[in-house]
Amino acid sequence: MPQMTDERVRAGLTHEEDLSLLHEVSMKTAGVSRLEMCIQCGTCGGSCPVAKDMDHTPRMLFAMLRAGMREEVLRSNTQWLCVSCYHCVVRCPQEVHIADVMYTLKGMAIKAKLYANSTAPDFSQTFVDMVESYGRSFEMGLASRHYLKHFPLRLPGMMPMGLGMITKGRMALTPKRIKHMDQLTKILNRAKQLEMTS
Amino acid sequence: MTEKIGVYVCHCGSNIAGVVDVVDVANWAAEKLGHQGVVIARDYKFMCSSLGQELIEKDIKELGLTRVVVAACSPHLHEKTFRTAAKNAGLNPYLVELASIREQVSWVHTDKAVATAKSKAVVSGAVSRVIENRALDEIKVPINPNTLVVGGGIAGIQSALEIANAGFHVYLVEREPSIGGHMAQFDKTFPTLDCSACILTPRMVEAGTHPNITLLTWSEVVNVAGYVGNFNVTIKKKARFINEELCTGCGICQEKCPKKVIDDVYEAGLGYRKAVYTPFAQAVPNFPVMDKENCTYFEKGTCKACEKFCPTNAIDFNQQDELINIDVGNIVLATGYDLFDARRVSNYGYGRLPNVFTSLEFERLSNAAGPTSGNIVLRDGKTTPKSVGIIHCVGSRDRNFNNYCSVICCMQGLKFAHLVHERTGATVYNFYIDMRTAYKAYDEFYQRVLEEGTLFVRGKVAEVTDAARYSNERGKLIIQTEDTLAGKQRRIPVDMVILSSGLQPRKDAKEVGKLFGISCSMDGWFTEKHPKLDPVSTMTEGIYIVGCAQGPKDIPSSVAQGAAASARVLDKILQKEVALEPIKATVDQAKCSGCKICNGLCPFNAIAFIEDDKISYINPALCQGCGTCVAACPAGAISGTGFSNEQIIAQIDGLLLRNLEPAEA
Amino acid sequence: MNKYLLYPGCSMESSAKAYMESLNAIVEPLDLHFDEIEDWNCCGATEYLGINLIPAYSLIARNLALASKQKNGTRTVVAPCSACYLNLAKADHYMQERPSLGVKVNEALAAGDLQYKAGTLDVRHLIDILVYDVGLEKIRDAVVRPLTGLKVVPYMGCMLPRPDYQHRWSDHEHPTELDDLLRALGADVIDYPLTTSCCGGHMTQIGPETAFELIRRLVSDADGRGAQMMVTVCPMCQMNIDAYQNETNHFFGTEYHMPILFFTQLMGLAFGRDPKELGIGVELVSSRNALANIGVEVPVTQEPAAPRKKDEGLPMPRRWNKREAQKEAVK
Amino acid sequence: MTDQFEPTIIGFTCNWCSYRASDLAGTARMKYAPNVKLIRLMCSGRLDPTFVLRALSSGADGVMITGCHPGECHYIEQNYKALRRFLLLRRVLNGLGIEPERVKLVWASAAEGARFAAETTAFVEEIRKLGPLNWGKADDGPQATDHDQPSFAHGKEMEVPA
């Protein structure tokens, strides 16, 4: 309906409401998300330890999901700030799987390449790369690679910490690889195929 | 002989017709079950309406129907309606069968084709069965005009007074030492702010002195036998250790008793009473009770201060629990509610943080007759709070606790806001999810509280904590919430937090339900017969439920229900007799082999063995119609009316559609 | 003897090796036996779940599949790390709650000749085993040096008591398992309202300022209540509060000194073990003064000679260069 | 979904508990498998084992018997008798070469609509797995003689005296 769109554009509307968004997020979430049950009470936003740094409180994000504001939702830093503390999850009176929805939104944002303001996706990717090549995570490599890329200025400040960890023998300098890396690779490759087709 | 059967398929508006193709079902019945005797099959929008009933009555008269099948809702709802219709048209009411295609089909299935097919099978089963139905005569029994009311809160008092005023006798049983219930604990009642005691006390006195009311406080029902019109109830009157004949209610015993106990019931744990006590000054009856567990004499064998000082020698340490047996025709249950235990919401800190109060505690705190004489102060007993946060929906509308809305908490929260503002001048915050102020003059009260300057924050509070994050929070309780309308997380430091806790079923509601033979909903409230049209009756005839026992409600609604149930009771009493279902078992003497297998099976001792004839005999007055003996008789000598083998076998065949082919001649 | 399968998790080999060492030290007095899951892999922490759903759950499920294959007479998997515990429990739970996920994960596992039937293992945390299987009675009996006089705040962290799929904990907000255990050791346990508040998780990496605030809240409240140390059950919590405390102080201009030890280290001390065996002393915020209160001397850690292998080429941070930093700041 | 076997199941319910549970499931609009068609008895104690055999021999693939929870019988204790008959019946079925799992006993109180719905759906799946019971279906037709004249007299071994 081009006419309609034209009219909307003239009226100053920038995008169409994407009413399939809520369902899509719900389906992509592990377990049963219960996202449609949200009553906008704000328990999540009130419980969140990092709400003050979020673009939108989780509650607001869920309202935006309902309103089909795809781009705004995926661009939000909210999902990236989630520390997975599960305070909101156990307190939610509607048992919405909030933390798992945040994971879903991260994945969707990465795929849509809509995550302008955070270094978090990169951190996740670095972590994933590491696990996929060694089967184990490896703090030293992770932290230094991430810091070098995103916070080069902070690194010197972190030096005493890093050095302390190394001298106390708490940071492995060499990564450890699992025995059957080939098996893990096969599993993950198959899983990735399944992810694409689902 | 050939029966003439009419089949009537109800649309129930769109309740059935929305999922089941009712026209198809009716046509199918006419076509495929014609050989069974179906002479007419109709569908109609509302079979239970008077027009629908007239339709059936007309067909019975004009077509000479000998059997009727109504495919509609559950027989528990409208079986009686259609039986009455048949009776009006001159057909024996027991020649009507209901085929439930609403509760058992349209409401639980979604696929139209599947639901329609299932409806056909259900109708087919009912048609086959109804052919085997036999005309039965109702059994009529007289109704005992006495009534038992269980629970002496405002709903129970109202119910008892209505019946007593109509001239019939009522036994009012109350578990606590005094009637009055939760309402006696309140200071003010919303939305008009009448003093609770001022409006309740006259009713309590009236109930206590009414010539038609036998008041049994400090008593509990322990057994219920019989059926509508003829219940036999056993009541345990717990020992009070006070001779009620002698006691004048002077109160000297309480004054002299040396043992102070925290009063968890009336004072909600916020005040003290003695070991011998009346819960409050206006208690009805005004006799004290002795709390055996805390009495020094019962504990250590010495003291008896009360006995020494009693001017009428009314103290009786040897009193025993007493069992009282009464016969009543109807029973009203007004057993009330328990307050939700706010300690379960551990993020609100009740029980850990001293200045977090529950609603009932606050009621006592603000009550002029309460432990602080109505001064609203912190747990230290002296400091007046400068800021107070009131949290709504505590334990309600929350799948972690109770799913339902407790109805009264919004108005209760507003009442608290008003009282705090009026008595302390403190800054008051109300935290709510949705403001529910339905009913007369309630929203006006909300307006008034807004006008008084109470600050409303829309957001379910996430936590109440004493972990100060910033210097302005030190020594305060911090309420952390999202202000959902501002879209920001807020931390609001206050001196006092009041939790507007929800209501929940009595913790023994399930056992009480079992005792009286009624069921509880999933949430645990007693289930009414119909949520809209029969809210005070239950599935068990002669048992009624009123007030919060049926679900959360405020005082006006409780009173209305109390009165409504009384109208139902009076209706029954004035009918003088009640018809019982003629579902009974009988022994065919010719077939009985005298094996006695059935004798031991009957829990009602209705089966006796007649030694002279060497056969068993069933006493119809005692038989309750369960049918166990019918199923057990190895000779097939026992038959059960209403649920005979022939009826059930026919229904099996019908449900499995084995009745479709015309039988060979 | 109680036998279990152990899923140590990556940090137990590095940043939380004190946890591993102290765990090994308490196994014998409590008559416990752990078999490590052979060739276990990383659970993906909180990062993997945010990228792809099925690979994330397949990664976790490989461990469960290996565990169910490894027969040592138990079906209980014990994870000492809260994040690992949660991930393993979550995969087990969601593969049941949404069967289609279970089917897909098993399809992926099949590529590595593995399979896992959800619900066949019990995933439990170490402290759950100690409090509910071993029991406080037995722990109390094993104490030879009560920690009397040591003022501690119990810090449970978030991923242990929440979301609690199997209803294993006394409460979501103020669970008492750690309090009870520390009391059994004789310590003075201080009521700590923030016991299940977040330590910042991965935010120390991706949004340090956010994390510093969370760390400050925890440390300042513990300090305000007179605690001499915090006690934790989770490597991530220990790492964030210990390793980033200095930076947090720097950021806020505060001077907190709040050591944080693993509960197993205190158990080891109470059982009379040598602090050296328990990894005491490798924390960055030293517990020396705190433990001096109960007469325990913290050993000086020998600084291990840093391996000089250059060939694998770990990118070491470059030296501080003021001019470059200023240039960066202008951008 | 299209070609799967849809079992036909007869459910015997007690008037006081399980039939009300099914009413409640309806009132609460809980969805469950449509394969079970109910017959209301006053009590599960009324269940004559021949009813079950009759249903199985007339085309039902399974029979679900539901009653009040033990200790909650409207008629005091008759559901215990149902339990005894049920156990016996399963043995008889076994003897006849029919999977005893085709008959299931479920306790459901009037408040347990959800349980009723869940148990019904679960039982349908169990029977679906067992496949059709072709007892009585083969000789479908007017000639089927035994079905027209059911014999109610049955051996004493079907009853266990109290």
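Every chain is named by a letter (A, B, C and D) in the order it is written, and numbering of its residues begins at 1.
Just so it is clear, contacts are C-beta pairs under 8 Å (C-beta built on N, C-alpha and C of every residue); 3 or more make two chains touch, one makes a residue touch a chain.
These numbers were taken from a predicted model, which means no experiment stands behind them.
Interface comparison, A-C versus A-B: the higher count of C-beta contacts falls to A-C. If you average the CA atoms of subunit A and of subunit C, the two centres end up 22 Å from each other.
Taking each chain's centre as the mean of its C-alpha atoms, subunit A lies 49 Å from subunit B. One simple way to say how far apart two chains are is to compare their mean CA positions; for subunit A and subunit D this gives 51 Å. The geometric centre of subunit B is 31 Å away from that of subunit D, both derived from CA atoms.
The multi-chain contact residues of subunit B, meaning those touching 2 or more other chains, are 347, 463.
In subunit C, the positions touching at least two other chains are 172-173, 197, 217. Subunit A has residues 87, 90-91 in contact with two or more other chains.
Taken chain by chain, the contacts fit none of the simple shapes, being neither an open path, a ring, a star, nor a full set of pairwise contacts. Only residues 74-76, 100, 102-105, 107-111, 114-115, 118, 121-122, 125, 514, 517, 519-522, 527, 531, 539, 583, 595, 597, 600-601, 603-604, 624-628, 630-632, 634-636, 640, 642-643, 645, 648-649, 651-653, 655-658, 661, 663-664 of subunit B touch subunit D when the two sit together in their complex. Taken in their complex, subunit A has these residues touching subunit B: 39-48, 51-52, 56-57, 59-60, 87, 90-91, 93-95. Within the complex formed with subunit C, the residues of subunit A that make contact are 28-32, 49-50, 53, 79-81, 83-87, 89-91, 99-100, 102-104, 106-107, 110, 118-121, 123-125, 127-128, 131, 135-148, 150-162, 164-174, 176, 178-180, 183-184, 186-192, 194-195, 198. Considering their complex, residues 171-174, 191, 193-194, 197, 217, 221, 224 of subunit C touch subunit B. On the subunit B side of its complex with subunit C, the touching residues are 346-347, 352, 463, 465-469.
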